[in-house]
């Protein structure tokens, strides 16, 4: 039992030291940033799936359809990029070598989440955006667990 | 009359003090920045309204139409965003509490102008872009009046 | 009483219509974005206040001090700018004319909050950053109230 | 004389054709953008020259000096970059081969102006920023002459 | 022969002095940056030319076509802009007045290359992108010659 | 032996399929982008180490020192960020699950390289920048090996 106590103590120590070497000067990390942009990707994907091209050749109907479509794709693209950026900040700056013990699938989790961001850009695919939301939720729980907190998962919409 | 003179004197004093606390370190404000991008929004909107989708299914005609349409929407979007940004710099950094006496509709003017920028993004609507130009012209006159100048309104095109 | 019921009904109707005209195509708004960057401003300000210039003329000590100082100021600047941007998105895109009835100090609240962002850039002033945090918390409560939710205020650090 | 008339006619024709092929889709060019940022460079340079380092070792005095210095350098840098960008948009997008006849020193004017932007970044040198203002004024006159207008040169400060 | 030796010596000297005054503080210039983005422009242009609009009115087929088309145009635009930016860094910051003797067509080369970047944005035109690649290759050889190296031209794809 | 041949064949097949699903629409990847910015980080670090603060209290000497120091730190910061961004594009978009067989240390290599980018921001430490150059060189060799090429490692300076 002493062994266990020591080992758990040792596990905490390097983490605290790591915080001291933390390169993100502000030290404020929050997976909510990734969650908010992932929600936007999901929302844009649904809105894009609901759009229908005009029946005829009316210029003004095509203009409305194309203006909306173009803007929605651009927002989806930008927000998927933002989600990827926010996830990679957590992976490269927040998580430290000593976290690998608690989260042996750390690299794989982030790699797949980043690839899902790309997939949401390439396609208009609601199931991919839902997989992305699930990946961000997994990161949310890993992150707060590593901080010794258990913040619940809430979304804006 | 003395009272009036003193009151007008007092009105000027806080404004000068305000300049000394000005947070925009360069202190160079010019509503021409908002005007130039609003002109671009107007120009793009007109050009978008003039585009017509191809009659048939020719890939290369559709490519030309879509390339031009996509770029024009992106420029309209970016320039409407730029107009909003430049307007909000004036509202948040240049205008000070003491200006509210001379311009009691200050907040409302900027709020509506900012919302017009958004409306020009959502739609391809020439009358909205003309309303935006009028809003920017109103800001131009408020701004130069607050500086004791009366620069005339000229556009690039 | 019927009158009251109708009036409260009418109040809700325009709000729903407004959502339909919402210009932010994704419709995902969350004041957490402003809160996260405001926390970073507070953190950087505290860290800047804790830095001390080297005693002597040692180049390498000055290099360390200046490198850290320069980076911290840049992050404070960027995060204060981000806070302002996120607040103004809520003011210009989320809040609609019908919200003015419930929040008559809407414009004033956002104007002061935006000016606090600027003040946090100009100075290294912990009390200003705490005022900014309070302003963002006020916006948090206004926002969720307007959505009929009462999400509690939690911070990352 | 007929020859001269024809040649001057021909000179105008390609210019008009060129406008039709103009790649800047909005077609709105205005040297005021370069002028506003060049004014900011001049303003920041003057403000930097007026700063003095603290006498002693007081941390808080050094913090104030360094915060202000760092921010002013960053704004000078950004605005000099912006001036260069706006000048190069005119050089690469607005001016066309047929303008070379009227402005044989076109390339040299822009090359030197761009290099002045860099010089204003490298140094805190008021005479360089005044040379930059003069270069931007020269571009202003070339530009409006090429459009058949003679807008006067006014500055914001 | 002595004359030739001296002249070649003199040619080298100002160049070395110029490097000492170099305004790009890092002094690391590499035309590979322009080449990589020009390759991306070429690749996107080919991919855009290969896209065909759907035969019928199927919403989901149009969504796929439009999502892909919109993204490809945006990447072409961004990469053509990046190519222009990288070329102009070489023109305004790396090349110095003393290089004009060895490269009398320096200005013309960069002006035409910059205009080709714009042409690649306006059109979906493979021959223009190939002209751009040739222009970037010319710059590559000028650049390495000016450094006394003769790096061969290799592409990523 | 047949088994080996088939297995090596299978290894190649998914890789080709993967390219077809590649999310980076242009498909142009080149580790030279990461190398160029890493060289800039190394160069700025050396230049920062060579700077010395003024002996006395002369405002203008301090202004020169601070202007140069501030700019060099900003460029170091920006280029380290750029290096990280370019590395992570390779990790998240270019490398596919089937590459893990050939490069079992793929994740670890990129994680450490990304963390080195951060370390080069936090410190002015030449040995860290040299470790970063080595990490980028390792990525260079992994990348070209995965493409079946063996491009040699050359630097710009």
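A, B, C, D, E and F label the chains in the order they appear, each numbered from 1.
Basically, a contact is a pair of C-beta atoms (placed from the backbone, for glycine too) under 8 Å apart; a residue touches a chain by one contact, two chains touch by 3 or more.
Everything numeric here is computed off the predicted structure, so don't read it as measured data.
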Neighbouring chains common to chain B and chain E, by label: A, D
Chain separated most widely from chain F, comparing mean CA positions: B
Superposition rotation for chain A onto chain B, Cα-based, multiple of 5°: 120
Pair from C-D, B-E or A-F with over half of its contact pairs in common with B-C: A-F
Cα-centroid distance, chain D relative to chain E, in whole angstrom: 23
Separation of mean Cα positions, chain D and chain A [Å, integer]: 41
Euclidean distance of C-alpha centroids - chain A vs chain C, Å: 22
For chain B, residues that touch 2 or more chains besides their own: 25, 66, 70-71, 74, 121-122
Chain contact graph, described as a line, ring, star, complete graph or other shape: other
Pairwise chain contacts, counting only pairs that touch as defined: A-B, A-C, A-E, A-F, B-C, B-D, B-E, C-D, C-F, D-E, D-F, E-F
Chain A residues touching chain B - in the complex, by the definition given at the top: 57, 59-60, 62-64, 66-67, 70-71, 74
In the complex with chain E, residue positions of chain F that touch it: 25-30, 32-33, 36, 39-40, 43-44, 47, 68, 71-72, 75, 79, 151, 154, 156-157
Chain B-touching residues of chain C, taken from the complex the two chains share: 21, 23-25, 84, 88, 91-93, 107-108, 111, 114-115, 117-119, 121-122
List of chain C residues in touch with chain D within their complex: 48-49, 51-53, 55, 66, 69-70, 73-74, 77, 121-124
